[in-house]
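Sharing a structure here in structure tokens format.
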């Protein structure tokens, strides 16, 4: 087992990891990302300052399962100008103003002609909505409903200086070898324009988790991918399905991990994978107010990773999950919604889960009956009928260390977190009272 | 799969099926039925106007499992006459007035001698109770408690002009072959005198379900039996046990399906048969206020069909179940308790269950990852982060179409009725995205 | 099956069993017991007046699993005397006054020197606590907090006239052979000084249960052990593990069975043994207000009997369990806390469980469909739609007598106690309607 990772005494200075995450996020925020294009490349380049990820380029037209890698999209500028020459909507002010994947346009239109190309949210009249049209050629602008209401009859010049051409889908991949080829898989996405929780929180947390992992001894191999959502995970799966099915022990899709509100996870299809078990254990004992979502509430790349025949043992870890918070997919999902504390909490959640995975062993007690802790200095000697909590935890651990329960099982049974059990396990192994059971870890959901 | 049955667009005109059921019931109502005799024959003869059922006659004395077919009972008239010659109780007024299977009697008795032969319900003083004595020779009269209270001291002439002799037990059977020899089995009973919910609702609904089935293509073979309760199902089982155990995929005992109140079912012994699964699915999604009864609440022919060693995969479908409504087994269970709307609801429940059975297939998605619905015109193209309900249902269906779930399983998981899923399945099979999985359906409760 | 044991008509006169238990307990109460020594021998000698148990002596220094049999401890007198010669604490007044296993001491100390050797309970200022130091050499006195508060500065003479030397650990064993070598195992402990519920209730109840068993025909072999807690059960297991694992069908640890309050049991590790099933069945149906404790609430010899690799199918049966009542492990656990009624209830609980074990058979109905009870005089003949409760129980029993359920399973399914079902089973076997199914009883928790 990789001592360093499982241990609580990390080399990370926690005093400022939240600040560091927030600063990195703020730097990436203005970039106009989409599922392809230079925004993704620029984002990966900045992340490479922290981890040496490999950038892959997959050509337009490549068949990926049921899909085809689309044309690459880039945009220089876009605006709607009124008759007075005032730019009433301008991509330069906010990159959400243009519908993602808009085809180029430059023409003069009446308000009536313009209206079908405008998108706003009457229920959130201050917010610019996030709209895309990846797979049907279209163009459009997004604006706050309040601004839209002000539009007068007249002529408008609409210009979108974009380009849709043969190019590439770009993604980043970071592989950290461990003692075994069994893998922990992290996936996050880099296809959203200027929104903070969904989704720059995922990539910045995943990048700094990668940096931390690089500094630690590792029992498992780690694979972290930074991809565009849906088409990116499908592309990645189409290239690596066999090895992922072979090696992935636990996977986490990391999304929306930056606000201050909920902790949550989206379960796998049958809620029976090791990822479900780990996430549920860590959240139950550390964040008991957490929210568990059914796979029916899915919406991110767990849709691909957990699809029939793919069936990776993966859950999505989040704070306020996509689709559940009012700022979701609007310009309100900004740098004030996501906080240093929120990001730090997201980071710690991923790290806690990884520590549990690294610590997770199955133990068996070596003697019949309870061992005599007293003669080993593990027990208070004067019996008063009331014994200390940690002795109780130790005895409970031993009672269930029968070779059938891993640390997470024991943790679930006795209600103590794995990080409390792991040092006890070490002391007891040292004292010769416990032995590790070698067992084939299941990598498939058993159903 | 039999397209016609599974489809919602039935050829039945639903505008008047309730009326037709009620009229048929009203026509059968006055007949004095018992577990044997001409009342059963007359009833089956009328049902034969709608479905070509075969009438079987089993001789008195035939051994049927632990039982023996009893003598045949017929009755011409019966009354209690007071000294003034007034018939104070008269079989001609209501056939419940005579205890079923009463032996012939013609004598003069005092009120004191008469009392042990009278039956009334102090708690329901207006109701004539339903009483029988099939297996011990006896005679008696039933009357309302109010009438009984009025009886004065004096002499009474009691006459029961009945006949108990070697004869037959009569039952009707209707077999509709389907594409496979696997069977759906319906059973209902024709042994009750003038009572409407329990039990003329069952035979009239089963008969018109039979007529509807005859007009439809059928994946499964259908077997509908019209029998006297208990001795009839035991007789039928003793003759057909092997073939029933071999072929019956799902069975429904149809009883008390005519009032306007509850929907309910009586589960099988271990609640683990396909019949339980179908009934629970249909009722949960269409009649969420339904009542599920344990097998401990049984009381009808499920007692035989689900007995150890017989173990047909069968539940009883009801509206207000026998024994649970105040009019049960009295003269108050009459043509006003059972309504056209009530009968129509009972009919639709059976038909809905049959449609689910006919539709029920196991599907597997043909691609890895989610399919691209957009390129097939199955998806709204402009993503706004909020997609339509039917796309969500389609995607949820695909997510669980992994070759291990039949339509009912998927329906239970995603909470949408089978009739919504079945057309989606067809579209997706057509689009090449789903394929049917051939699997051996279990016909036994797996325990 | 052993008719006599299973039957309700015991030869025991229940009118005074509670009194007899209480008198025996009162006689044993003053003896100063510990985990070794003459107090245990004296206790077993008195119990031998009721059952011919064999007394075993295991030498000091014997290795027993992870433990070693300690030195034997005996004590003649002990006191704390003030300067005026007044014995302010005196072992002769209450044997809880001296810390169990105190080494000899005879010296003069200041109050300051004395204090670390004193034990009292500020929260229960009238109670003398029960304190021991078996495995670390120490000496000390226990007294009420009120008395302790009164101690003035000054010199005190402390004397403990005890002896710690090579000797033996003593236990009693009572084996009653039955028709089979499969065993019911009862364990209780004899190591507590003058406390009544925890623990003289266990030995007195177990002894008179042994006497009752001796008077009965027995299907199973019975093994009853009277041991010191922890070291005693570990010693016993170390000598008999193989045969216990081979033969024990059900085991009960009997502790704290003498007060008037709760009924309870401590489940086995995975709550899946026959002992759990029996205890839960008996308590649910006879004492529905009972309390079930998880194995995490364990504290008595179930810790050894259910430890990994030992895994006897055993639960602890109690009234107010150790650790849950305020008088626990203090001088307040006395002859007024434990009552004749309370002890009788504990005795009946053990006896009821044994009767269920002895009665427990698996039956299968011999005919298809329901049997005709009427022709066998088992059914009221005039059907009024309302049948008697016992017929319903009989029919429910038959419905689940399919060869897969033992009497306890049927009892759990239909909610009637085994003692109601057992006579029905006998009648039905006599009538040829049920047959016993020979099945290998599981003796291991199946996990």
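Note that the chains take the letters A, B and C in the order they are written out, and that residue 1 is the start of every chain.
The rule is short, and it goes like this: a residue touches a chain if its C-beta (ideal position, glycine included) is under 8 Å from a C-beta of that chain, and two chains touch if they have at least 3 such contacts.
All values reported here derive from a predicted model rather than from experimental measurement.
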Copies chain A and chain C touch via same or different residues, half shared test: different
Turning angle required so that chain B lies on chain C, C-alpha fit (0 to 180°, nearest 5): 120
Separation of mean Cα positions, chain C and chain B [Å, integer]: 54
Separation of mean Cα positions, chain C and chain A [Å, integer]: 54
Contacts with two or more other chains, residues of chain A listed in rising order: none
Chain C residues within the chain B interface of the complex: 364-365, 367-372, 374-375, 381-385, 395-396, 398-404, 413-414, 433
Contacting residues of chain C [partner chain A, same complex]: 65-67, 99, 119, 129-136, 138, 230, 233-234, 237-238, 241, 269, 295-296, 298, 303-304, 306-310, 323, 328-329, 447
